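One structure coming up, written as structure tokens, with questions to follow.
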Amino acid sequence: MRYYIKLFWTFIKMNIKSQMAYKKSFFLQVFGMIINDFAFLVLWILLFDNFKSSFSSKGIDFNNIVLVWAIAATSFGFVHALFGGFRTLPTTIIGGKLDNFLLYPSNTIFLSGISYSDVSAWGDIIYGYIIFLVFIPFNPLSLFLFTYFSILGAVFFGSVLIILSSLTFFIGSSEQIKETLFNAILSFATYPEKFFVGPIKLILFTFVPVGLGIYIPVRIITNFNIILFTISTVIILLFLLFSVFIFNRGLKKYESSSLIILS
Amino acid sequence: MKIVEVKDLTKQFVKDKKAVDNISFDIEKGEILGFIGPNGAGKSTTIKMLSGILTPTYGNINILGLNPTKDRKKLAKSIGTVFGQKSQLWMHLPPIDTFNLLGVIYDVKPKILKERIDKFIELFELAPIINNQVRKLSLGERIKCEIAASLIHNPQVLFLDEPTIGLDVVIKKVIRDLILKMNKEEQVTILLTSHDIQDIEKLCDRVIIINNGKIVFENTMKYLKYNYLGKKLISIKTENNFNIPQIEGVSILKQKDYSAKLEVDTKLNSIKDIIDTIVSTNNVLDITIDDIPLEEVIGQIYKNN
Amino acid sequence: MKKFFYLAYISIKNYTFYLKDFLITRIFLVIVIIIFSFIYKTLLGSNQSYASFTLPMLLYYLAITESIEMSKTLIHNTISDEIKSGTVAYILLRPISYISFHVSSAIGEITIKQLVTMIIGFICAFFVSGFKIINFWMVIASLPVIYGAVLLNLFFMILIGMFAFYIEEVRPIYWIYQKFIFIVGGLFVPLEFFPPTVLKIFKFFPFTYMNYFAAKMSVKFDLHEYIIGFSIQLLYIFIVYFLSILIYSKGIKRVSIQGG
């Protein structure tokens, strides 16, 4: 809807303008995050230098590492820069700030997402694009797919955050659970799929669904497959719908009892 | 014309205790209705139900023909809120940015939005501060902006939940004048909750007193003033032994050698006459004049019921 | 002195209140150990060990380095906030008192966190390695260097917080510091896994005497290395402590002159 697109852009501008009120801090955080992310790459470069044969015997080359990191960084970056409110949602709910959003004539979950932006996340996005463009051989299709799956990956991460945060409606502050599970997914997301053999693979495609959000997109970018492309798009969008459904259920509960029950 | 109709409204959070117990009232267009009561009386719960963020256990609410629970988003376009502790303004940006943002949220046409913002800048005298960061504004300036923000989208109904809480006397006056101005200029219907009696006295046409979730009084401000608010408490410290003033309307609550606490009824004698009598028969070192606390007023009302 | 012990006791008591939350966050350590079991297996390839580190040793190594890393309190933010808000100008403590206060408030909590995390890590390493154990007497002998690493880290974080006298935002400094710990501090792999030239350079940084050193001694104890390393560790503790005092003294003068 045109209204929501306009709302989206207005909030992005407001968030950036608000952050730019402190220019030094803004650039320090963005730049600091880029350096921060590069450190991990340095780690891999050092290991690759020493263990070339071990890696290649598993079929892992340096480009695999870069690609998986790039997708993880840009997906993470997009969701935190544009819908940063999802990461802080349990606090928003517990602090009663949700009421502010309920009073507006707009979709509540949408508002709670766009109302906050994490400055350093812009650094993650920039970093992801830098390493993608530097290390992955240029190809218009892969660049398009990279952007496409970064956005879809952001949708995936957003859905995870919404579901985990919505637990707050039912069991009280789910901040720790959300952080632990989200960081678990994020951790797995920065390692190429080929490392993980055996029963762990099943878990990575179900309970810790990093397979859905990161590994499959990486496979598609490396080797485009229209069927996999369609299926992953559909599943991630369904996952989003499911997360919104959970949130709305929780919201109903919140509206009937406010914060009295939650502690 | 009735803008707000509330019937048998009840909210029960826990067993055996109703936060709001079967209340019914209406608000006419353009009216300023005061909702007073002590803490925990059910004021905020009622306002939450009226604005749609809390669902009633049972009862009916009709605002502008809409049901707040079912039509919350639609109704949101026609109501404005200022909840004392919750701010709409973005701290690190000037208030004009928040106003523009609200214009987008409420889908106000740009031309109309500009007109309204300019109008508020003039009406609320915001010109000197409109481009300063909100966090650098004084408390009074900030509250003015909060109220302006709540009216950007031209709502027909305004809910003010404890708008003057924590403010000093000077700022309270500024806010009250603003609210009256708004009511006149914009024809906004206002529901105001407070446990400050001065707020109610200065602003409201009608008053509802709520206690323990129930309505214990509903009448015009004139009636409340005339029948219940005429009493004052006077504390006096004297240099010599206190002499009881020989004038009608004075009852002694407490008395020590050099001090006393009196309750005076200004319906029987004007405050001027009573003070004159006290001062002429005593060497007054210190004198304090207070309104009867709200709890006592409510107690009084209970007695009369 | 008694005051400081009592402070430590109170902060431990405070923390057990959040026990449930604390345990939930330790799940992350389990995840990390599981992830790295796969990485280590790949690195070792068909060999039983690399640089004398077997897979079980690596897993226990990781448990120790991570336990130190995961028991931090974000004291750099606390100190930064106190400086930025002007609280420091308000209380105007002597540098040693200010630093000691923060150390004693934090050390109790950190020590308990580290111990519990390490034990959880060991249990996890035990299962993931296929029920293998290491020589735990090495761990016990290494407790001084483990807590030396904890203390040195605490002092570094305090030092980072002190930069708030000069910089608006100290978090990016912390991120960079943490990355040095990750790489030069051997958080994920022992430094022997890096190219030997790199290792020579790293030895000049204090970070090699923190997580890496503590964990290495715990799985591959060597008296000679231990004595040298522990001495250097203590030296760095004093250097960083002294630097914090220096920066605090200089910084507080600025603040007092400018009126907070």
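We just call them A, B and C in the order they show up, numbering each chain from 1.
The rule is simple: contacts are C-beta pairs under 8 Å (C-beta built on N, C-alpha and C of every residue); 3 or more make two chains touch, one makes a residue touch a chain.
Everything quoted here is computed from the prediction, not taken from an experiment.
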{"item": "Distance-to-centre winner among chains (Cα means, whole assembly as reference)", "value": "A"}
{"item": "Highest C-beta pair count, chain pair", "value": "A-C"}
{"item": "Distance-maximising chain from subunit C - centres being C-alpha averages", "value": "B"}
{"item": "Where subunit A and subunit C are represented by their mean Cα positions, the distance between them in whole Å", "value": "28"}
{"item": "Whole-Å gap between the CA centroids of subunit A and subunit B", "value": "45"}
{"item": "Centre distance in Å when subunit B and subunit C are each reduced to the mean of their C-alpha atoms", "value": "55"}
{"item": "Touching two or more other chains - residue numbers and ranges from subunit B", "value": "none"}
{"item": "Shared-contact residues (touching 2 or more other chains) in subunit A", "value": "22"}
{"item": "Partner subunit A, residues of subunit B touching it in the complex", "value": "13-14, 48, 51-55, 69, 72-74, 76-77, 79, 81, 83, 86, 88, 90-93, 97, 100-101, 104-107, 133"}
{"item": "Complex contacts: residues of subunit A adjacent to subunit B", "value": "3, 6-7, 10-11, 14, 17-19, 21-22, 96-97, 99-100, 102-106, 255-258, 260-261"}
{"item": "Subunit A-facing residues of subunit C, complex", "value": "20-21, 24-25, 27-28, 31-32, 34-35, 38-39, 42-45, 167-169, 171-173, 175-176, 178-179, 182-183, 188-189, 193-195, 198"}
{"item": "Complex interface listing, subunit A residues touching subunit C", "value": "22, 24-25, 28-29, 31-33, 35-36, 39-40, 42-43, 46-47, 49-51, 53-55, 57-58, 60, 175-177, 179-180, 183-184, 187-188, 191, 195-197, 200"}
